[in-house]
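Below are two complexes that have chain A in common, paired first with chain B and then with chain C.
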Partner chain A sequence: MAVRIAATGLRAWLVQRASAIYMLLFIVFLLAHFTVDPPHSYPAWHAWMTSYGVRVITTVFFAALLAHAWVGLRDVIMDYVHATALRVGVLALLGFSLAATGVWMMRILWMARG
Partner chain B sequence: MHFSIFRYNPERDEKPYMQDFHVDVAPTDRMLLEVILRIRDTQDDSLTIRKSCREGVCGSDGININGRNGLACVTRVRELREPVVLRPLPSFPVIRDLVVDMTRFWKQYDSIKPYLVNDELPPEKERLQSPAERDKLDGSYECIMCGCCTSQCPSSWWNPKTFVGPAGLIQAYRFISDSRDRATRERLEDLNSDPYRLFRCRTIMNCTEVCPVGLSPSRAIERIRLRMLDVQGHDGGLALHRVPTIR
Partner chain C sequence: MYLTKAVARTRVRDMAATGSPRPVFFNLAQIQMPVGALTSITHRVTGIFLALGVPFGIYLLDLSLEGPQSYARVTRLFDNVAFRAAAVFFVWVLAHHLLAGIRHLLSDIDIGSQLPIARRSAWIVNFGGVAVALFAAGAWL
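Presenting the complex of A and B:
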């Protein structure tokens, strides 16, 4: 009898946990890769970093990071900023900053020459 | 022993202040409440505290003792660090001295519908439960509603009107896990209907830490989230823990 996940409390909570798990796995993968098979030169690192698979999982990592940051900071703002107009303003500013960071990351990741 | 007690009489005092008292504590003195009552009887009869059963059952004398919430009647006085600083429950409006206004607390409790909802025709004798079904209430039905947990919860401090608080939520879990209740889904949806009602909880576990009965509201809140997600296999009774000594 699961409740509708669309309602925002549970959804935000789930997003935060799921993104945390993904980020943890990604970091473990990164550490393992650089321990087991470290690239020995800049071109080697660059080639690895710009390979399609690594770009995709890195994109998901940054999506998870931004979602995680959104839920965490949204929680802080909901806790402390009680005036509705101010809260909406601060949340909008936060959303815009995170979205802009996301676009910037995508540019770096996908528009770098392979 | 040296006591420093929060005093405030709104009819007389402009501002609250701390008042020092010195009392001889004999080896026969066991609980803090006895000593507070002796200060009232022998030094200042205007000192006000709420109390009733004096044995940790009614939950009337929840106060802040050396920074931690607890019941004065079950706190061993001779183990306390001096000066013993006594304050009313944090974040609750003070009525006078150590007595607080719990209206908001009861409103939150009322909002979770703390009663069985079951429209089915009552059986001739009673609504039976199997021993296993009854066990599921363990660890939540024992709550004495003293307010120690909610008053020590930062999420309740910041959003007392919108966050149900640990006491209300452990009571909500008590009815969610009751086999005789028929409103489980409505209860879960109600707690998820507004991101403030349950999801202000950040699981810092102050509530569990201070509960004088040894209950774990944070565990109950975790169980409610799992029920919302329909995760099976986490519905046994909740374990009680040893209550840490207040020093």
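Presenting the complex of A and C:
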């Protein structure tokens, strides 16, 4: 079953839809928040961004973003890079870059700061 | 219907050369694309731009949270007209990608899959993205 799902690309399709819908809701929420109650100073911005709830939904947002970018860019790479060794190399580079981006983002979100 | 004469001629030539009924012709500059193709290609290109923009966004977020001085530096970036122009461009990139994505999600649940509606929604996406960007340009430029 797992093999069949991987072979049909159903999982990639599902990841792309689920992450898209979460990110869409997140962006609508951000737009609404910044329209209704925009932070006007550093303390206000910092307090909002580091509140527990915003940290959690932003963490999920970046997880969705990285998964979405992986599926999308992987498709682009598979369309244009055909030589197997080069394709594996480029995909590995992409995976490493996305993972590094995720680590960077988690450090910003969860490391305690002034 | 979407083929120019030159394309049609090349198509015939390629079909004769390969002996295959499948047309082999990929010169995008000469193919006259239906509106949905433009929406689709732009969806892909804007996706690549968004991915490339992610590190810049995270860098700015990091800077804005580092302290009052670096927060002020980020807000002052908006005094720079080149930065505002880049921001407007990214508003278009994001708006087109979102609208084209919503069009995909709707077609997943069988809304707008029929050709006339698909063509109309493709026009709406293409112009909708530009309209949002013009709105941002009006506010910032």
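As a working rule, the second predicted complex is superposed on the first by the 104 of 114 C-alpha atoms of A that agree within 3 Å, B and C clash if a C-alpha of one lies under 4 Å from a C-alpha of the other, contacts with A are read in each partner's own complex, and residues count from 1 in each chain.
Note that in this section a contact is a pair of C-beta atoms (placed from the backbone, for glycine too) under 8 Å apart; a residue touches a chain by one contact, two chains touch by 3 or more.
Because the structure is a prediction, the values reported are computed rather than measured.
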Check your understanding: Taking the superposition as given, does A:54 touch the first partner, chain B, the second, chain C, both, or neither?
Key -> neither
Review point. Which partner does A:42 contact after superposing on A: first (chain B), second (chain C), both, neither?
Key: second
Check your understanding: Of the partners chain B and chain C, which touch A:80 in the superposed model: first, second, both, neither?
Key -> first
Point to revise | Which partner reaches more residues of chain A (counting touched residues only), chain B or chain C | key: C
Review point. Who does A:12 touch here: chain B (first), chain C (second), both, or neither?
Key: first
Check your understanding: Which of the two partners, first being chain B and second being chain C, lies in contact with A:65: first, second, both, or neither?
Key -> second
Review point. Can you list the residues of chain A that touch chain B in one structure and chain C in the other?
Key: none
Review point. Can you list the residues on chain C that touch chain A in the complex?
Key: 44, 47-48, 50-51, 54-55, 58, 61-62, 64-68, 71-72, 98, 101-102, 105, 108
Check your understanding: Where on chain B is chain A touching in the complex?
Key -> 155, 158-159, 184-185, 188-189, 191-200, 202, 225, 227-230
Study note, to complete from the structure: So, in the complex, the side of chain A touching chain C is made of residues 17, 20-21, 24, 27, 42, 45-46, 49-50, 65, 69, 72-73, 76, 101, 104-105, 108, 113-114
Review point. Contact residues on chain A for chain B in the complex?
Key: 1-4, 7-10, 12-14, 75, 78-80
